[in-house]
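In structure tokens below, several structures.
Okay, so chain A shows up in both of these, paired with chain B first and chain C after.
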Partner chain A sequence: MEQRLANSWRMTVNEKNFIQTALLSDLRIDGRGPFDYRNLTIQFGIEDGSSEVQLGQTRVMGFVTSQLVQPYRDRPNEGTLAIFTEFSPMADPSFEIGRPGESAVELGRIVDRGLRESRAIDTESLCVVAGKWVWSIRIDLHILDNGGNLVDAANIAALAALLTFRRPECTLGGEDGQEVIIHPPEVREPLALIVHHLPIAVTFAFIGNESRVIIDPSHFEEAVMGGKLTATLNTNGDVCAIQKAGGEGVMQSVVMQCLRIASVKAADITGKIKKAVESYKTKRDLKKIKRHPDSVDISNISKDMEKSKLELVKCQSDDMEIEGHSSKKDESSLRHSKHKALISGPSSWDPYSKIADTDELKASLASRAVATPNLKMDVMPPEKQQLNVKDESHRDADPSPPLLVAAEAREEKNKAKTLLDAVKPKHKRKKKNASNSNGS
Partner chain B sequence: MGLKCLAQHYLKSTGPSFILTKKNKPLRRRTASLSKMEFVNPEGLRLDGRRPMEMRQLRAEIGVVSKADGSAVFEMGNTKVIAAVYGPREVQNRSQQSNDEALVRCEYSMANFSTGDRMRKPKGDRRSTEISMVIRQTMEACILTHLMPRSQIDIFVQVLQADGGTRSACINAATLALADAGIPMTDIVTSCSAGFLNGTPLLDLNYVEDSAGGPDVTVGILPKLDKVTLLQMDSKLQMETFETVMQLATEGCKAVASYIREVLLENTKQLESRRGV
Partner chain C sequence: MELKPSIPSSSLIDQQVFPGDVVLDLSKITSQTIKLGGGLRQNTDLLLNVRNVVIRMILRWPKEFVLCIHLVTRSLLVIMMHGAAVCKDGDLISVMKGGVLRFSKPNKYWVETSQKRYVPSAGDNVLGIVVDARSDNFFVDIKGPTLAFLPVLAFEGGTRRNIPKFEMGTLLYVRVVKADTGMNPELSCMDASGKAAEYGPLKEGFMFETSTGLSRTLLSSPTCPVLETLGKKIAFEIAVGLNGRVWVNSSTPSIVVLVSNTIIQTASMSPTQQKIRVESLLQKMQ
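Moving on to the complex of A and B:
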């Protein structure tokens, strides 16, 4: 409700009249037809699950991350999906940092309704231990540039990110078969999310008293419009969500006509998204093939001793400490181990660890990955916490984006077994040096 | 053959429920709640005894908040909503003042005691923010804001009892309150919701039917102009089915509109008699 109108850009009366008069002759100020979309480009980031969408001047980034959490009580065997929007002030002078404004909340809820209620993502497959551990998928949408029609661009960004996101595979194991072991991507291929269908949002703007309908309004047209209708459809002919939050009244027939146009556009956009995702997949698969020789060299045959590429065995003693804690109790003690991990993380008293630290710094400088300690991971949260702490300590040295931490958490560490590790340190360090030279 | 006889013997003695429940248990947990319950029984009655095209009982009262310029209580079945309108009055935040039209503000909140479990945070969460914005834009479309420049109209809506369809009840209550405050409008706005469960379109869903996971279509119309201002839908629906459900909801809105007109007419007659006209 509190919007700083003083900060926002206002349209002059002349411009308003010009746009409205031009529309009477079916002309739009950027030369498009009334039912033409702007140019859509979809790009992907380095990690799985990050996308950037450009719809004309509008730019939106989407990131997908996952975490193991406790499920809701009334849905014990379903994973959760949460959408967070970030309306950065650099996108528009009227956006402010802090609590999301109305349009941010509305955008989040439209995308959320399209994905969650229509069951586009299969949440039941995200269940690990019914009633105890499920995967929680978090989608972050960052608005970088507001060129109008943020909803459509944000929706496409969310879908593209979800299609390329890979979550680590996890199995039940441990002493009592209740502990969840997360496998690093080098051990087991991370899994894609099961997406049943792609709900595409198509926005219509109603301008003028005779309710001229145009599709994909730009920034200028949004300032002039009297009402807006966002229809989320998929290519199966289902309407997944509709949002027309007040504004100018329209006839029912106009609404149905808009839906029909939207279904055509949705098919078009779905094709574009799928094409972009396919090309990204082939690129990533090609990259993987090149990576293989490295990882095969370094990792030992036994599953217990596998390491990820630049990983160092940070503190074997730390491992043992944490292991001791976690093996003692059950998941209820995970928080305990999390605290322990936090404490023992950066400030460790083990002489080996000090050496490992500087090597880590080198490794982190050489690649963009933040070096992570080698722990027996039972669940993600403690790991993530520790990584956060580490990331802060290396922030100057490491220009990695903040969400790299989450990627790291996925990316992995090894399970060090107890006594054998204590025996092997030197051996591993040599190998690590070799890997460093390989990596850099 | 011996085993078969044994199985039949068991079935006869303990009844099929013994074996069937054991088999059905895991299935029931996994399937969505849609298939668990029968929302329209074979006789065509819903859970609360209504027919599929039947609305809940409507009840409205005007002038309940004495301090407000206009106020109303609107009940749709068990859903009870109170709305209060203050305005047109001076704009509190000068930076938001508009020189050619009135500023409309709306705040939607649910009382802690309105739902079954006591709510911890009735205001400020995303749903409330969205609904506040929706109500504001819906009412803004029908208020003649250019007649009251440099002023502010506040609409406060509070849900006292929530049993499905709170959005619709809020809009209906806001309409009544605006009329009670004497604010000029092009037309009243009425709203109603409809859904689609067990293959039948249902009008005016209550909480149980709403939370079943089926589609929920909320429509707000300007009855005299026959135009749709508010249209919200969630969950999946085929396009033809959606058209049917939307038309059903529109019919419901028209029924609400005739009731609201009656109430307003009654209220005006009372005012007339009080003034001795």
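Moving on to the complex of A and C:
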């Protein structure tokens, strides 16, 4: 018993009084104003759907996972959403493993209500086979460090994780058309969840006899406060949820004032979340396009070349291109019959990696006995000459314009025949690129 | 007792040392009392003897009592002090805890570490929080592994008639009288001679918790740069406990907030950086 007593955190009378007297002059112990949030940082993990939010000293991690399950009887065409919280003992000495305490259950309920009641996630899009298979989204919130105001941080973590989560695409197939095939991410691009709006939770604490209102209470302030109010709003001005569980009574005017302040803060936080998610998404997309160090410039240069080339050789090249595309279509349709289903672009295929040597390309182009390359061959020398006349420094980019035109223009068709190549191990990528160029 | 001049003992004093660093080779020192302190250990590794290593002396905490074990090795008296994690059977004394090696004449060395936990040791001035009151003791929390006892009569002029009444959560500035491992430490609100001398409850103000290293820095003499620079412009009262608790009081709450936040933020800065930061913060205030 004594050991337990010795280890728990205590508050002195001095601190309590000081926090209250400091608030009389609108000052908080960490120097903030009464309506200032602490520093918010949102980071993402390697996988889709994992986020870590830091709000001052408070740290929360959110993970989103999905699974195919049977839907509820009364909602046969809606997916489900479930939130699980874990209050790790390393966050606070008062947290214990095992059954969640009252505050843990309350936190889970607030986040859940904000997302579910306001229909922030479109659950109908999660339905695969009505009445049989739906996607069940599970959000796990891990509290790593309790520096006060866990609800807000957990809510932001859940939203950030949901915005970056992508579920695998699945189609109906099999013999009777009722079997659900889940496609792995290499085969088909996973899909993001449809999120209509972002409900942001804003917590207010009432301290002292006069019930001074402060926003985002820290650990100290939470120990001293007399009551707490959490308002969940979105930027459209909708109030999604309000939670005030016990504590001191407050006037109705105070509640209205809190809602007004909360809407301002919600807009602010929504902006921050969106910015963080955007930068994460661009990073993720950039990772998919693996660039060979040389080809970076080439791709940029060749884009310019492509434009200039189109200007120079208008009709001819257009005809050539069209013919090229049509012949490609023939080729791809030939190969297409070999594949069972239409497949969209793989995430690891990239048109710009490792552009082969010019000699190799010429050799491969020359060796192809299909109609178009002959035409292309005819087109190529005059184009090349023109290009050479134009700019000698881009000599090594010469074979790439036609390559890139084809590559850029109809990626899907290319992918139809190069998909298998893409799934093949990396050392065969050169071959794949060669066949790419052959296709153009 | 003289230190042999051939011992390169000063090479690692006031330097960061790590576990495994050998401090002293006892074979080179004769007829000397070496006091082993916290964070040092005597090794009996013959292989180490062969190795050419830097030799440092290990000393004990300066204010502690002499503890049980006395060993004589090659006419060398090594006294183990309380708190020393020492294994005595060799010629080499090496470091057990990472920290800064400190030296105090004539022959005291110890390793100073900084943690958030406090290990109670006798003679320290600490800030405690009253948890409970019994008939003969107050239970006080001093951030150690166990609660400490403060005898009800350990006040200046304390008798059974005028026992002070402390409610739960009162902050006290107390002195550690006895602190043995495994036993609850004993505290006192009097200094060694029985006078009150600033001990007792602290009223108003604000308390925050830091590491033990920061407390020692704040208490060092000459005055630490943060307190000096702050003290030139602002009037405030401060009480530092060696258990990592610091209490600040002033006339207005804003000054208290400024001082406490400054101390926390400049904890890991170098002295010049601290001065610059404090000055910029003060300018912002005015």
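To be clear about the criterion, the second predicted complex is superposed on the first by the 282 of 440 C-alpha atoms of A that agree within 3 Å, B and C clash if a C-alpha of one lies under 4 Å from a C-alpha of the other, contacts with A are read in each partner's own complex, and residues count from 1 in each chain.
Everything that follows uses one rule, which is that a contact is a pair of C-beta atoms (placed from the backbone, for glycine too) under 8 Å apart; a residue touches a chain by one contact, two chains touch by 3 or more.
Keep in mind the model is a prediction, meaning the values are calculated, not measured.
> Return first, second, both or neither, reflecting whether A:Arg113 touches chain B, chain C, both chains, or no partner chain.
Once the two structures are laid over each other on A, A:Arg113 reaches chain B alone.
> Using the touch definition from the top, say if A:Thr12 reaches chain B (first), chain C (second), both or neither.
After superposing on A, A:Thr12 lies in contact with chain C but is clear of chain B.
> Would you sort A:Val255 into first (chain B), second (chain C), both or neither based on which partner it touches?
First partner only.
> Taking the superposition as given, does A:Thr282 touch the first partner, chain B, the second, chain C, both, or neither?
Neither partner.
> See if chain A has more residues touched by chain B or by chain C, and give me that chain.
When the residues of chain A touched by each partner are counted, B comes out ahead.
> Using the superposition on chain A described above, determine whether A:Gly31 touches chain B (first), chain C (second), both, or neither.
second
> What is the contact status of A:Thr41 with respect to chain B (first) and chain C (second): first, second, both, or neither?
Neither partner.
> Looking at A:Val105, would you say it contacts chain B, chain C, both, or neither? Reply first, second, both or neither.
In the superposed model, A:Val105 contacts chain B only, not chain C.
> Between chain B and chain C, which residues of chain A are contacted by each of them?
Touching chain B and chain C on chain A: residues 2-3, 5-6.
> Chain A touches which residues of chain B in the complex?
The touching residues are 29-30, 93, 95-96, 105-107, 126-127, 129-130, 132-141, 213, 217, 220-222, 225-239, 242-243, 246-247, 250.
> Along chain A, where are the residues that touch chain B in the complex?
Going by the criterion above, the answer is residues 1-6, 77, 100, 102, 105-106, 108-109, 113, 117-119, 124, 227, 229, 237-252, 255-256, 259-260, 263.
> Quick one: which bits of chain C touch chain A in the complex? Just the residue numbers, please.
129, 131-132, 139, 141, 144-147, 167, 169-171, 202-207, 247, 252-254, 256-258, 260-261
> Taking the complex as given, what residues does chain A use to touch chain C?
Residues of chain A touching chain C: 2-3, 5-6, 10-18, 21-22, 25, 27-31.
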